[in-house]
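Two complexes follow with chain A in common, the first pairing it with chain B and the second with chain C.
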Partner chain A sequence: MNSPLFNIDSIRAEFPILQQQVNGHRLAFLDNAASSQRPDAVIDAVSDYYRNDHANVHRGVHHLSHRATDAYEGAREKIRAFINARSIREIVFTSGTTESINLLANSLGQTMQAGDEVIVSRMEHHSNIIPWKLLAERIGIVIKVAPINEQGELVLDELAKLFSKKTKLLAISHVSNALGTINPVADIVALAKQQDVLVLLDGAQAIPHGKVDVQAIDCDFYAFSSHKMCGPTGVGVLYARESLLENMPLFMGGGEMVIAVSFEKTIYNDLPYRFEAGTPPIAQAIGLGAAIDYLEGIGMDKIAAYEHHLLELATTALSDIEGLRIIGTAAKKAAVISFVFDDIHPHDLGTVLDHQGVAIRTGHHCANPVMDFFGVPGTARASLAFYNDAEDIEQLVKALRVAVDMFR
Partner chain B sequence: MTKELMQVYQKTVLEHSRKPHHFGKLVNATHSAEGFNPLCGDKVTVHLTMNSNGTINEVSHETTGCAICMSSASMMADAIQALDSAAANALCSQVHTMLTSDSNDNPPGMPLKSLEGVRAYPSRVKCATLPWQTLLTAMMGETLTTTE
Partner chain C sequence: MSNVAQIQVELIDEFQLFDNWLDRYQYIIDLGRQLPEFPEEYRTDENKLHGCQSQVWLKAKSEHGLLYFDAASDSAIVSGLIALVMRVYSGQSAADILSTPPEFIRAIGLSEHLSPTRNNGLAAMINSIREQAQICLTA
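Now for the complex of A and B:
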């Protein structure tokens, strides 16, 4: 699908890592849901920063510190615009989705008491389960689980029944990493608002694949990771509605988050810095800013459309393989295809595919409850990005046929 | 297919994985242990009946896992039948060494030699060692082990 609007060959050329051979084969990198790859623009932004601009931020009067601070805060503004937040005060840098959710659980958790309820769904990644379980163990909150159906879609009617006077938060993924399901988040938020319940969306898998507008969705919190959207590892974001963040209890203490400290009295810093104790991931945040420039240069809508085209291509091609069963067949899906064979274990598939240059993920994808629901120990998962092409899919199918011949 | 891959998934391995020997529960088991690999979800349960002087009279396993794990469990069950615990222990460490070292001097007739190819895949070695680790756990009279 090379077109003047979306030239896949020139996009692929911008990703140096894709230009290699693995085990003597062209690399077909189909494990993007675990972590994406980076274009030159991001790699260069990080190395240029280290070569030219690095100093600690918000601290020095010297020139480099100003430059570093400007670049770092510039990245925050890019993120604000990217997700359409109202203000940079709503953009808290974290180390990733996992820390974003843990920050929220530890902060909001201080306002909860035994018997309060948090609703999650059956399709959550462990990082949106365990922080709430820890809170349940620590203070006795109750976790309620919204069910999914055989297609891997949330059952909204059942979700609606879970709300009670004690419900404090609905914490749910925007897109499932194990199934690819795109949840109707605006509808879900509307449902929660009727009940006066706050909503956290785990956007780790949604943010790389289409336009996310936190005001249009109207969620209270939105968590995501840079490394899944072509940015560096080690940085992520918690978006939080300013009116809420303003009153949220603090979590981590240290430098950056305070203005003045004596042993008698502490004056805490403004938003969002109050929630960012310690030296932040400066280079990583700047790299994330470069990734956003890069993605917007292509256009999130074009990325979404192209990936959808790849998803359809791959779904059709895989469905032709005898004995292959796709797990997760929601009507609305991101370009994630989990699949199993009754007689071939996903790890054996993974090894045989790797031998043919095809990188997929195998296992439980940090979503044990999903695996239990479908009665499988794990799945093989091909997850596509906008820099994948039809040849990657052909290579996957060919490699799967080799594996099938080998194990049957 | 490359030589290394053929080495891992050789005929013996595939045969054992398709039709594992000694698969199932064991009534009258005197020792049972479960072994987990939390990274991949593989699970092996080993059941033994050991007599009073420590000889393994019967053995069975219930394995959910990949071809490597399944065939390792199956071959293990074949190999330890009727061994006393000293001999079974010795075999465990012999196999462990074979799977984790890169020396090539494992004798051709050695049991489990066909699993040797897994050494080319560091991420898969634990698939092969899990049944053996579980066996050791069962023989020690314990009931649970994990690879992590």
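Now for the complex of A and C:
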């Protein structure tokens, strides 16, 4: 799909890592749901920052510190605009989605008591299960699990029945990492609002693949990672509605989060800084800002449309392979295809594909409850990004056919 | 040359017949298919090796001063690797096993399977065999 609007060849040329051979083959990188690759623009932004601008932020009177602070806070503003938050006060930098959710569990968790309920879903990544399980072990909250159907979609009627007077939070993924299901988050939030329940969306798999507008969705919290959206590793975001964040108990203490400290009294910093103890991931945040500029330059709507086209192409091609069964066939899907063969171990598939230059993920994808539901130990997962092309899919299909012949 | 070292040399020779990975893997997969049946009663948690994405069970027994191994996996490639490892180490003395590292793995181009990050059982299997040999020697 090379068109003046979406020139895949020129996009691919901007990703240096894609220009290599692996095991003597062209690299078909189809493990984007685990981590995406970075364009020159992001690599250069990080490198330029270290070469020219680095100093600690928010605390120096000197020139470099001002420049670093401007760049770092500039990135925060880019993120605000990218997800349409009302204010930068709502954008908390974390190390990634996992830390964002742990921050919330440890902060909001202090306002919960034994018997209070948190609803998650069967399709959650472990990162949106374990923080709540730890809270359950610590203070005795109760975790309720919203079921999914055979297509890997949330069963909304059943979810609706889980709310009670004790429900404090609904914590649910926007897009499933293992299945690709896109959840109807605006409907889910509306459902929760009727019950006066707060909503956290795990947006790690949604944010790279289409426009996310936190005001339109009306969620209270939204967590995501930079490294899945072409940005550096080690930085992520917790979006939190300001009226909630204002009253949330503090989690981590340290520098940056305070204005004045004595042993008698501490004056805490303003939002969002009081939730950002210690020297932040400055270069990474600036790199994330560059990634957002890059993605916006292409256009999130175009990315979503192109990836949908790739998903259809790949789904059709894979469905032609005898014995291949796709796990996760939701009506609305992101470009993730999990699949199994009843007689071939996913790990064996991954090995044989790797020898043909095809990178996929195999295993449980940190979503054991999903694997249990479908009765498989793991799956092979091809996850696509906007810099993948039809040739990547052809290479995947060809490699799979070789594998099938070897194992039968 | 010890028994184990001698078998490794033969195995390395055998794999020189293959000049591409596809044939090499196909041979390994076919060897895995010919593994002797793994007794169902050995398929216990105790015999299961940890740290494997694919499941691996290994059972050792000692007879007349030699160590014998039975093993199985749900992965076809790992089953083939098991067949190679059994051929090299099963039926040998503990001292021979311990003094002869599995050089054949690198020599026949399978060292990727030894990386702990591959997490697929070969490294765990070799470690377990060496542990059993150590126990046998110190007993």
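A few remarks follow.
To be clear about the criterion, the second predicted complex is superposed on the first by the 408 of 408 C-alpha atoms of A that agree within 3 Å, B and C clash if a C-alpha of one lies under 4 Å from a C-alpha of the other, contacts with A are read in each partner's own complex, and residues count from 1 in each chain.
In this text, a contact is a pair of C-beta atoms (placed from the backbone, for glycine too) under 8 Å apart; a residue touches a chain by one contact, two chains touch by 3 or more.
Remember, it's a predicted structure, so these values are computed and weren't measured experimentally.
When both complexes are superposed on chain A, chain B and chain C end up clashing with one another. When the two structures are aligned on the shared chain, A:Thr379 is found in touch with neither chain B nor chain C.
More residues of chain A lie in touch with B than with the remaining chain of the pair chain B and chain C. Within the superposed three-chain model, A:Ser226 lies out of touch with both chain B and chain C [touch as defined at top]. Contact with chain B, but none with chain C, is seen for A:Met371 once the two complexes are overlaid on the shared chain. Of the two partner chains, chain B and chain C are each touched by A:Thr351. Shared-chain residue A:Asn128: touches no atom of chain B or chain C. In the three-chain superposition model, chain A touches both chain B and chain C at residues 23, 345, 347-348, 351-352, 355, 362-363, 377-378, 402, 406-407. Looking at the complex, you find that chain C touches chain A at residues 21-22, 25-26, 29, 53-55, 74-78, 120. Chain A makes touch with chain B in their complex at residues 23-24, 345-348, 351-352, 355, 362-364, 368, 371, 377-378, 402, 406-407. Within the complex formed with chain A, the chain B residues making contact are 1-2, 4-5, 8-9, 14, 39-43, 64-68, 70, 121, 124, 127.
Against chain C, the residues of chain A that register as touching in their complex are 23, 344-345, 347-348, 351-352, 355, 362-363, 377-378, 402, 406-407.
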